[in-house]
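Submitted below is the structure of interest, expressed as structure tokens.
Here the chain labels run A, B and C in written order, and each chain numbers its own residues starting at 1.
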């Protein structure tokens, strides 16, 4: 089957999902991101790679946090950035998503960064746009959030370069997470031999084992000797629903504390995609502790997004 | 009477309405826009004409779509752009429109792009501002939306250069349209010999004939042998009011279908200011069909807005 | 006690409050602002001092007006500007203020312009951020709004350069004003010998005399022979509360009219921080009259904010 993310020369054209991306492309993004980490540390944090290009952040679902990361990345590449919060505008006039995209394309937008509550929205747009236009999925429903997955891989590679010898645990609401699926695919593709998921049965998708992971329902057993602890955010709306008894109860069983973390390897790193629910899925002592790489994740997120955008823009040359 | 849009040398100082603009000014804008169509097709879509100028988009009424077109145009001219959605801010603190404008002028804003639900708001501001400040009307109530009118003229001229030999039909809610009035004035001024309006009686202003148009209430009769079909948007709020039986009924009588379009000349072009109500005033087969120039209208809209802004900024030299 | 606004070399590192700033720093800001007044009058209103820096306007409380002044100032310094209206985003996901700030710092933000409804929010952030990051308080609760205070000092100095010979009256809702406190401290620090406050008892803080001001409850007595009349904004929510009889009654007693202004010195200047309630605390004839310097205040506000930002950014060199 044709991969909608690659052009006919096999170059990355859209970033929609980590699923389906070959290891070579993942490594190209991570290697390119490496070269961008320096840009944000300079006096003048700008390179002219996207100068005169128009990047549209189309957010059909509000997320200041995610929008900010893409806006900073695009501006550091010298692009002109447009923020469109569509929920409050033309959508209410009955204009379809594709009409909105067609209009922006007609204005010679070069790249769309798309956030939508529905799975598949970014794919829909990518299938529709003109050949010179690029789409980045910034989160679609429960489906995918590939730049988050990529920045997590970048972070792991920075702290644990030998990915072929890692034991990684992903902990929490795997069922509703748009991040977990991306992580698992990326880890597997990059050759991580052991990926564990730790969660109550109610927060795991059916047949999760088929993704190539080991399933644990007991956190202490699951954390034993892991190198990387990846926490997932517990959505507020889950906390008092039928899936969970209460936030306190959840913290007791699946919240990451120093005491539980001690079961992992002594040099294990702790990750979280943010925003954190302190005291629900993670204790503040761990979040702000020595093993936490949660803020470096954010820093690397800018470099990774700059890498993705510059690679996409460069794929026109082919 | 003094024309508030022109300075004492007859140069364009504000763009408030197509009414009152001499043909030479209209042609100046269209000719200048011609030179800007290339900018948006370049690798680096930027020219430095407004570098270091501050353009304020003051939207007293929300319109992401219109704001976006002006923001892109201003940024491609290298201006600094400020977006102010005033409905949610100082207006609620009881500050008057003119106090808002005075404040921004005191901050050395160079240009105001104004959208307001009240007719005459842009005129009010233009009368008030300091001599070096320019005002562009981005839509005021039912009154005027001159850049839309201009981009429509630009589109017609591109596809049908001999404007002295055209038959143009404007179809739909003429009564509530801020576009229709601009169109009629522009077409007449540019020498189009036959302009028709096609609408039910309830959606036509009284004495519409006095604008120099021919009135049709039957779409098939009105479309006969026209070169240009200009559809108007039907506002949602009209659809179930006392003016119209229903959206379905409206589509049956005044919706543009392939079958009705066949009555126009074979090479007739179809235009729509957007956003479209597909299946209400226009069928998707027509909107996306061979004769549709709806997306080129959007493309030319950027060039026309760049032209207007650069001409206004240049009128200071006088 | 350590002054959180200064680095160990005594240079300005954060601008949180005028209280605690030595006269030398105030004069440094005012002198630097002097050099920036010219920038906004140029053809190209830009200097490259903050090129490649990321300035984040974090507004936990909406204020388009204040945000605009900082956005213009930062853009004229060539910074990349990010606007974050946090009330509608991550705050609602339970992320703490400091997590938000940590995240933006991890993205290599260089400066935070902070507006918050709670007193002390900017101080909290300043205590928390990394050494190379700068914080500007853009208004925190009733506490402080130092750039407003500074631009007022700049305005007074421009019109009345001999500050050691001035009589200044501050009139209105001193109790709830975040401006009044800043003004009083600034005036005292810069050597103004006589500062009066004029207000009904219900709108004055207890022990206001301890700030070194003379208290008047009668406007006519208080205005007698003053050089500078500084009006305060009356918050709408006070007008019909238990503190005041009515807006009309307030205007009668404490509204500034031409007739009352005549009691001040003939060349007295009239100031207001905006937005004005015309007909409540100030009559339009005065607001727009010969003695009003209300719009010059706005103009100088840009130069003062540019000065503050460039001084803060420069304090890294130490």
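Quick notes on this structure:
Convention: a residue touches a chain if its C-beta (ideal position, glycine included) is under 8 Å from a C-beta of that chain, and two chains touch if they have at least 3 such contacts.
Because the structure is predicted, anything quoted here is derived from the model rather than measured.
Because contacts link each chain to all the remaining chains, their graph is best described as complete.
Because chain B and chain C carry the same sequence, their contact can be compared by residue number, and under half of the numbers here are used by both. When the CA atoms of chain A are superposed on those of chain B, the rotation angle is 120 degrees to the nearest 5. Centre to centre, using the average C-alpha position, chain B and chain C are separated by 41 Å. Within chain A, contacts with two or more other chains are made by no residue at all.
Chain A makes touch with chain B in their complex at residues 51-54, 80, 82, 84-86, 88-90, 93-96, 99, 102-108.
For chain C in complex with chain B, the residues that touch the partner chain are 40-46, 62-65, 68-69, 71-72, 75-76, 236, 274-278, 295-299, 301-302.
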